[in-house]
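For reference, chains read A, B and C in written order, and residue numbers begin at 1 within each chain.
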Amino acid sequence: MIRAVNIKKSFDGVEVLKGISTIFEKGKTNLIIGRSGAGKTVFLKLLVTLMQPTEGEIWYGDVNVTNLNKRQLIDLRKDIGMLFQGSALFDSLTVEENIRFPLDMFTRKTKKEKQERVDEMIEVVNLEGSNDKYPGEISGGMQKRVGIARSIVLNPKYLFCDEPNSGLDPKTSLVIDELIQTITRENQITTIINTHDMNSVMEIGEKINLLHMGKLAWVGNKDEVVENENELLQNFIFASPFLQRLRKQALGK
Amino acid sequence: MILSFFYHLGRFISLLRLMISKPENWSMYWKETVRQMNDMGVGSLIIVCLISLFIGAVSAVQIAFQLSEQIVPMYYTGYIVRDMTIIEMAPTLTCLVLAGKVGSSIAAELGGMRQKEQIDALEIMGVNTAAYLVFPKIFAALFIVPLLVAIAAFVAIIGGYLAVVPTGMITATEYVTGLRAFFVPYNINIMFVKGVVFGFTLTAIPAYQGYYVEGGSLELGQANMNAVVFSNIAILFCDFIITLMMT
Amino acid sequence: MILSFFYNLGRFVNLFRLMLSKPERVSMYWKETVRQMNDIGIGSLMIIGLIALFIGAVAAMQFAYQLGNTFVPMYYTGYVVRDMTIMELAPTITCLVLAGKVGSNIAAELGGMRQNEQIDALEIMGVNTASYLIAPKLVAALVVIPLLVAISAFVSIIGGFLAVVPTGMITESEYVLGLRLFFVPYTVFMMFVKSIVFAFIVAALPAYQGYYVKGGSIELGKASTNAVVYCDIAILLADYIIALMMT
């Protein structure tokens, strides 16, 4: 479980986040949604400790992570996995080497144990047969899957995903979303996903946080989205007239 | 401008301080260092040989031309070529060119990693990126660049020979007599000190430029150019300081 | 490798044939040329002045140090510094540094325009891009770089003075006596020939690298690095050929 308490963040005197308090639950896919410029990326970077908030606190379980020193941060990060928007795979390493990298760096396992773990991960993300390809040789969707495999290879307790669906077609997006959800449930991870893809919201939105202008505008889950009358939420999810008509039909109006 | 100079100087030093810490895993650091040594050393060998051949040839031809009007004997060509290449031309010119090759590729590599969030990805894993990405490069350069400089000096002297002896400007005996005249082994020390210092300069400055790059590909190009230009200036500045202290 | 050399050489020559055409509008070309002159000249002036100071200082101190061991009179320092900077150090080192600054800038600019499809956009408008984008840079370099080299030679000689006279290594009158000794105006002519040839290299090779860049930002970085390295090699090769032909 991760708790954010009254988080504020300013850049050069401009307040980007204006006091956000929320809870991200264990074993669920927690979403942060909002329009471009709402402060999603900054919020995620604060949560993942790549930035420090100007004001407020972030708690991982019962540990306050807001003012840790370098050493404590490094220990904490052993429990964190992150999937980046552009996957952030290392260009000079193959798929297999990318996934094995955290194992090489932080564990004292034998070669055989590492290989078993890597094979297991490759199976989880359905990438059999691509072991020796380089990131430049595989599609965007496959890169995302390698990124997921790399981020969970050390069994993290917390998984962060920055726009996991950007640049993917709807079908591939769905595969990635389901993969993240399965991993979250099976390993009881606290997963936080930053997205503006409405398909994801409706599929895996077990807990949704809508940001607007640096404030939390709405919290709920996917089942509440259609019926809720919050104007900001409806404008965001059902952005086009076509989708608005569909919503009205679903509500039987 | 002065303020920004101190800002960058401070951030540069703090990057170097961050860099010095116990590696998470020695074998990974060692592997990376060896890879860098290979990239820098083997990758630059041909270019270094090629340019030092020209450097030696130019020095010899020009000195022979200048001496022909003087009271100084012709065999001085060999002597001046030897000292000039060992003390000055081999370390400085080799490292200026290496700044263009090795330095700009370091800046581009780290800058690219920063922009594609690969540095953040490493940070999230708990890797000390300042150490893992920067230290092996600097460490490799401290060994490889002096070796390249020594090879450059050697090849430059051969280049000088090839330029003036077969063309009949001076005889082989005169050139070799010159090479063996007034030899001061201390000059070799100067060469290696320069090699080590320039090796540090031409990796640390580009690494700094690349590591802290912000924005898009325009800024990356800018950082790349700054890396080369600032290393060049720093190399020539250090050249001056070393000469001042060691002669 | 040889095949690829000839492929690139052919395409390079072809690019310059394309470039030589009547401008669509002379005033547009003129404006662009003046802008480039300003960028190359004013933009590099500080750096050139700075490095020239160090080059002169190093050359003077090292010669004073070397002459200390021989029977050659001390005032030769001034003479050698003058000839060495004018004939060799000022043109070569200045242009090596300019290759890193101006050259990599040209490669990055043209490469970026190619990747953002700006070159295609100009082509569709009917502009001869080879001519409009490259000719002004080339003309500006051919005019401005020889001037920078001349300034660099002048500043180097001052740098030499500042390094050895106030420190008491030799006296002021010795240095000045050396400067005025055996002056051959032909060496200045050589300096300008070198700088014009180097200017062509510094502008043309990176323009070629940037104009034909393909792929993404990694390839752009590579093209920029290649531009600098090829420039450096070409400059030193040309240096040798000119020294051979003109001495």
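By our rule, a residue touches a chain if its C-beta (ideal position, glycine included) is under 8 Å from a C-beta of that chain, and two chains touch if they have at least 3 such contacts.
All values derive from a computational prediction rather than experimental measurement.
A linear topology is adopted by the chain contact network, the touching chains following one after another without closure.
By number of C-beta pairs in contact, chains B-C lead all other pairings. Geometrically, the chain at the heart of the complex, using CA-atom means, is B. If you average the CA atoms of chain A and of chain B, the two centres end up 44 Å from each other. Note on chain placement: the centre of chain A and the centre of chain C lie 51 Å apart, centres being C-alpha means.
Separation between the centroids of chain B and chain C, computed from CA atoms only, is 19 Å.
Chain contacts: chain B has residues 112 touching two or more partner chains. Taken residue by residue, chain C touches two or more other chains at 218, whereas all remaining positions touch fewer. Those residues of chain A in touch with two or more other chains are numbered 91.
Across the complex, chain B is touched by residues 48, 50, 73-78, 80-82, 84-86, 88-91, 101-102, 104-106, 154, 160 of chain A.
Chain B meets chain C in the complex at residues 47, 50-51, 54-55, 57-59, 61-62, 64-66, 69-70, 72, 83, 87-88, 92-93, 96-97, 99-101, 104-105, 108, 111-112, 115, 163, 182, 184, 217-218, 220-222, 224-225, 228-229, 232-233, 236-237, 239-240, 243-244, 247. Against chain A, in their complex, chain B makes its touches with residues 24-25, 27-28, 112, 116-118, 120-121, 123-128. By the touch criterion given at the top, residues 47, 50-51, 54-55, 57-59, 61-62, 65-66, 69-70, 72, 83, 87-88, 92-93, 96-97, 99-101, 104-105, 108-109, 112, 115, 163, 182, 184, 217-218, 220-222, 224-225, 228-229, 231-233, 236-237, 239-240, 243-244, 247 of chain C touch chain B in their complex.
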